[in-house]
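Have a look at these structures, which come just after this line.
Next, two complexes with subunit A in common: one pairs it with subunit B, the other with subunit C.
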Partner chain A sequence: MSNSSAAAVSERSPKLTLADRVDMIKNNRYFPIVFPLAMLAFLLLLFVALTGGEFMKRSVILGIFNQSFITGTMATAVAFIYSTGNVDFSVGNAMGLACVLGALAYQATGSMAVMVLVTLAGGVLLMMFNCTLCVTCHVKPAMVAIVAMSIYSAICVVLVGAAPIGVEYETSKALEGVFRYGSFLLYFGMCLLLYHGTAIGRKLRFIGGNERCAIQTGINAVKTQYISFLFAGVGVGLAGVYQTIRTANVASTVGTGMGTDVMLATVLGGMSIFGGTKSNCFAGLIGAITVTILNKGLLMIGVSSTMIQGIRGVVFLLLVYLNSERQKTLPSRQQF
Partner chain B sequence: MMKSSNSKDMVSRAAKAVAVPLMVWAIMQVIDMVFAGMGVINNSADIKTLFRNLISSLAFALAIGANLNCGRMDLSLGAQMYAGVIFGGNLALMLNAGGIGVLILSMAVGALCGLATGFIFINLRILPMVLGLGMTLVFECICFAINNQQGVILYGKPGVEILSNITFIVIVTAAIVLFAYYFFQLSGYGFKYRAIQGSQKLASDAGINIYSNCVICYVIAGTLAACAGVFITIYQGNLTPVLGMSSNGRVFSNMFPMVLGTWIGGLCHNREGGILMGAVTVNIIILGLTKLGLSNSVQNVIIYALFLTFVVYNTNRSKIDYYKARRARVAQAQKLMAQREAAH
Partner chain C sequence: MKKNGWLRKAAAIGMAGVLAVGAGGCSDSGDTSQGGESGAGGQEKYKIGILEVQLNDESTNRADWFNNYIAPKYNVEFMFSEACSDLNSCMTFIENAADAGCDAIINYYAVGANTQQLVELCAEYDMVYTENGGRNPANDAVYTGNYENFAGNFMADQPATGKLFHDYLSETLDTSVEHGFIVGTGNAYQGNAQQTEISANMLGAIEELYGLKFDSTIEELYSSSAPVNGTNDKGIEVYCYPGAPATSGWLEGLNAAMQTGKYDYILMSGNVLGNIMTTVDELETAMNKDFTVIGFGSFGEALTSAMNSVDHFGNQALSMSTVKFTSIVSTMGFSKVYNCLTGHRDACLEANGEPSVLLFRMNAVTNPQQLEEMGSWDKEGKWVADYDFVDSMLAVKTEGLTNEQAQETIYKMDYDAIKARLN
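Up next, the complex of A and B:
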């Protein structure tokens, strides 16, 4: 091609504005993966610089890891639910009630193994109950979440009362080692495999993207959503076990507010809480670590915990804005 | 003839609206008489408690419904309530403006919070529930930071006793319902609001400014939430700021009156009147459960279990109606066949 014809083609081609270029970057398939990781790295470097290297101390890193463990497990679990477009923020209270049931089982039997099994089973059953309300009874997920979190927290208060239920301290601390890391790695690996390597994950994302279309292509949406809640339930139960062995007791307020923390972690991890094709199951873990780094870093540079909440709110809104497509009209969703 | 049919229609609608709280009162009355040996409403203190709780749950339910009916769930309403009452209440106390001053200034600050939320919503255009979570974090932080984390204390403050006066509460309750009815049903704004409720896209294409309508809706919601907050505060004596999205609990606890009220509103073709009746119904249940000597937690379990049952019924009502109609058709057909066989 000659220089003149190349120049003519160049003149005819549309000029890209800055907004177009930003949209191109945002719509790149790797953006949801790279952006949260880049932000995590940026925050890490920022706080290392601001604290003069104190932030990289072993105790601090271990603290971050321990704090993000429970939220990360829960966020990995709810990725299965969020993928289908169901927003369930009652998972924190479901985890709380599972912990209470486990602790009561320990009180009755004196066995930590029973406590672990009952907590796991409790998590699964409670999430299946939520699923039945959403999928079989057709109640909108947001409404289910509101009712479920209120009922679960009230039941926790009724069952626990004023004094927390204690579990065996030595065994709890022992379980914090190999059991915790092993079970988490097993669960996380299984989630990764199922979500990104099997038809289940593809079906979940398809349903989240367009449920009607998914059903018309022969996908059993009810069955797939039950599977998603089942895996979420296992994660909720596991997080409940981690929560119980971390503190060696269960108070009536356990899990309160964690549902929104999980949502925050999911969004910060780069996943839409309304599911779809760009969903992934590791976003929650990245988000949970990011939130913990943000909290810990701000605390270490002397920001008060009250201000940290405000900063988290602003960061949350900013990231959601950057991660979502701007609609021509106002976004709305029928809630009931 | 026409007039008579209209008045009959009005009476029928009013009867439908009142029937639900009356039925619930009758049921609770029987339960309380059997298990506690006393009625739901025994003395003037019970009436006072009922009205005090009614006004706060009514105002909050109307605030939630304002946005929810357009598909926007604003979870930051609880935090807006805290911000409105803490800022407005303290300002009014500083100015010695008395109870009415507390109410007006709190509502004004609530309106400002709603304006800020609405303005951010129409500009960022992120999902309302997600925006609500972010705004809750921000508002709670602001509330906690001011007044040395003390919130607002109305107990023992001069001039605020009017807020506990039953006559004043009844007047404000009536004013809220009439204002909401006029604003959402009779005014030009309400006409556009209902058009948007039907289809946002069509309303926008028809020339309705969906953005200003939305911001006004947020302002009204913030104002009503702050109004509810003032009566909650005067009942408790103070309002302490909260963190960690605890303010969302206020939204969740007032969802039942809102959802039940919307259903009653559908029966009597008057959403605001329906929400009033929904709030009355839920508060009668709460009062009845209190008479049984149940703890708050047990009461919550019962209330939310009832809420859940109602939501499941409401969502699947059309299916239930369909199965009822089918059963009636089958029964009619069987009867007809039996008659034919008998004739032969």
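Up next, the complex of A and C:
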């Protein structure tokens, strides 16, 4: 094409405004992945600069992981549920009850292995119970979550009683090393593989995008949602184990409010809690690390805790605003 | 439309930027390693993390005392947490405080069962630790073991607090009339020491004054996590109602119990005045029944409003409550960590060498005038714990200070002594 004809084509093409260009970037399929990672990297570099490099100290980095582990694991787990469009915010209480059951098993047997297994089994069974109510009994997920939160927290209070249940401190600390990192990497790797490398993940996202359409293409929605709750249950149980070994005791209030933290981490990580085709299973982990970096970094540069709450709120709103998808046609489940 | 959208977005980003810059302006020029630094006067500068369990009038007053009164005089910097509601959030704050250069932690999240974990965590980061709460037998290892970073505890003298309620009921309850009692046992069932003592003393007073015998023990009544009737041989209606306003349905349950018409004394072991007084007022009017309210309290809008209100029958809406002076409590925590940081840990130890538990006594308040008088104290310019008092608790200022002397000094700060000094 000659220069003159190229210029003619260019003149005929509609001119894109800056807003259009930004919309194009936002609508790029990689944007929900790249944007939260970019924010994470930006915050990290910002605090490294503001603390004169102190932010890269080993203890700080380890602290960030320590503080992100539980929420990150939970958020990774519930991505399987959120993907299908089910918003289950009772996961914190389910984790709490799994912790209590595991701690009671430890009290009865004195074995940490039994504690780990019972906590894991507890997480799976509780999430399967939630799933049965949602999928088989067709109760709205939000209603199931509200009822489950009350039931689980009441059982925790009754089972724990007056004093928290203690778990041997030294053994707990020992499990924080290889066991915790190894099990997390194993679980996270498995989730990545299943969610992004197999048909299971595709089916989950399809159901989240349009359940009726997914069913009409031959996907067994009930079976797929049971699978999603199963993997979520493993994550909830695993997060329960991390919670127990971090604190070395379990109080009746354990897990309260965790459901909200998980939702915030998921949204901050760039995923809609209403699922859909752009869902991924690592958004929650990125979100959890982002929140931890923000909290730790601001404290380290001397910002007061009350101010931190305000800044965190503004950053959260900003990220959600920039990260959200606003359909110009009919509203969809992908909206935050 | 698009332009408007962009304006909104730009405004949002701008606001966030302004806030972030503003926050940065509040910071201390990014210096993160101030612990143990030498101050202007050659005095060591320490940074102390304050772990708060809730953010209210009391914590605001405490922050004012620490930041504006104590920090400049003793060359100390304070860092405050958000409201920590569980052990995990406490651990998170302690880790963050260590990274921010703190040398010590004063913990107001009083759950004794967690002491060992937090002492161990602080030891990892070489930080001194003290907490507002009692000694829990589950943590004996922390007291008997070699934890050089543990400075012990400080708390209210709970039996003395419980006795305030016992004494008030003994003085005012007309036993010639058959009253009905709702005893809000709060979190006594979870082992909360303050609420246990108050509940036990209230139930004990009812038992003594009516000469009755409960079918269950008093311990069984206040330890129940579910509402329970304190059935007894005299047929006096006693309803033990556990829980806190944060528990779903708690206020509704209290409302329902009051509406039965069996009870006219509402005795609350927890700090719930701000949650229940409206309900009490509405039911007094609706049922044309006079309720007498007695409850644990602390300085603030809720107590002031309750004590100064007149009920449907022209009586004082709140008959009796308790108050404490934040600066005295804070001095106890501050002196413990400061003594350890300055190499005088001995002043924090009992005679047997174990970390001590310092105690303070609460004050009863029974009328608005008394509340107004005490409420005017413990503020800027009128701190109950002034420099003389703080100095008398610090081994660097009071040579040869022992734990016993420190305890004696605190007990001397009673209502009369404070009044004589401040009025």
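Definition applied: the second predicted complex is superposed on the first by the 318 of 336 C-alpha atoms of A that agree within 3 Å, B and C clash if a C-alpha of one lies under 4 Å from a C-alpha of the other, contacts with A are read in each partner's own complex, and residues count from 1 in each chain.
To be clear about the criterion, contacts are C-beta pairs under 8 Å (C-beta built on N, C-alpha and C of every residue); 3 or more make two chains touch, one makes a residue touch a chain.
Predicted, not measured: the structure shown is a model, and the values here were computed from it.
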| item | value |
| --- | --- |
| Clash or fit (per the criteria above) of subunit B with subunit C on subunit A | clash |
| Touching partner for A:249 - first (subunit B), second (subunit C), both, neither | second |
| First (subunit B), second (subunit C), both or neither touched by A:175 | neither |
| First, second, both or neither for A:307, with subunit B first and subunit C second | both |
| First, second, both or neither for A:120, with subunit B first and subunit C second | neither |
| Touching partner for A:317 - first (subunit B), second (subunit C), both, neither | both |
| Partner chain(s) touched by A:59 [first = subunit B, second = subunit C, both, neither] | second |
| Subunit B versus subunit C as contact partner of A:143, first or second or both or neither | first |
| Which of subunit B and subunit C A:291 touches, first, second, both or neither | neither |
| First (subunit B), second (subunit C), both or neither touched by A:299 | second |
| Contact residues of subunit A, present in both the subunit B and the subunit C interface | 150, 157-158, 256-257, 305-307, 309-310, 314, 317, 321 |
| Residue ranges of subunit B in contact with subunit A within the complex | 68, 70-73, 120-122, 124-131, 133-138, 140-142, 144-145, 200-201, 204, 210-211, 214, 243-246, 248, 252-253, 255, 259, 295, 297-298, 300-301, 304-305, 307-308, 311-312, 314-316 |
| Footprint of subunit B on subunit A - complex, ascending | 87, 133, 137-140, 142-143, 146-147, 149-151, 153-155, 157-158, 256-257, 260, 263-264, 267, 273-274, 305-307, 309-310, 312-314, 316-317, 320-321, 324, 326-327, 329-336 |
| Residues of subunit A touching subunit C in the complex | 17-19, 50-52, 54, 57, 59-60, 63, 66-67, 70, 150, 157-158, 161-164, 166, 169, 173, 243, 246-249, 251-254, 256-257, 295-296, 298-311, 314-315, 317-318, 321-322 |
| Subunit C to subunit A touching residues, read off their complex | 2-3, 5-6, 9, 12-13, 15-16, 19-20, 23-24, 26-33, 55, 79-82, 85-88, 91-92, 95-100, 111, 113-114, 116-117, 120, 125, 136, 138, 189-191, 223, 225, 248 |
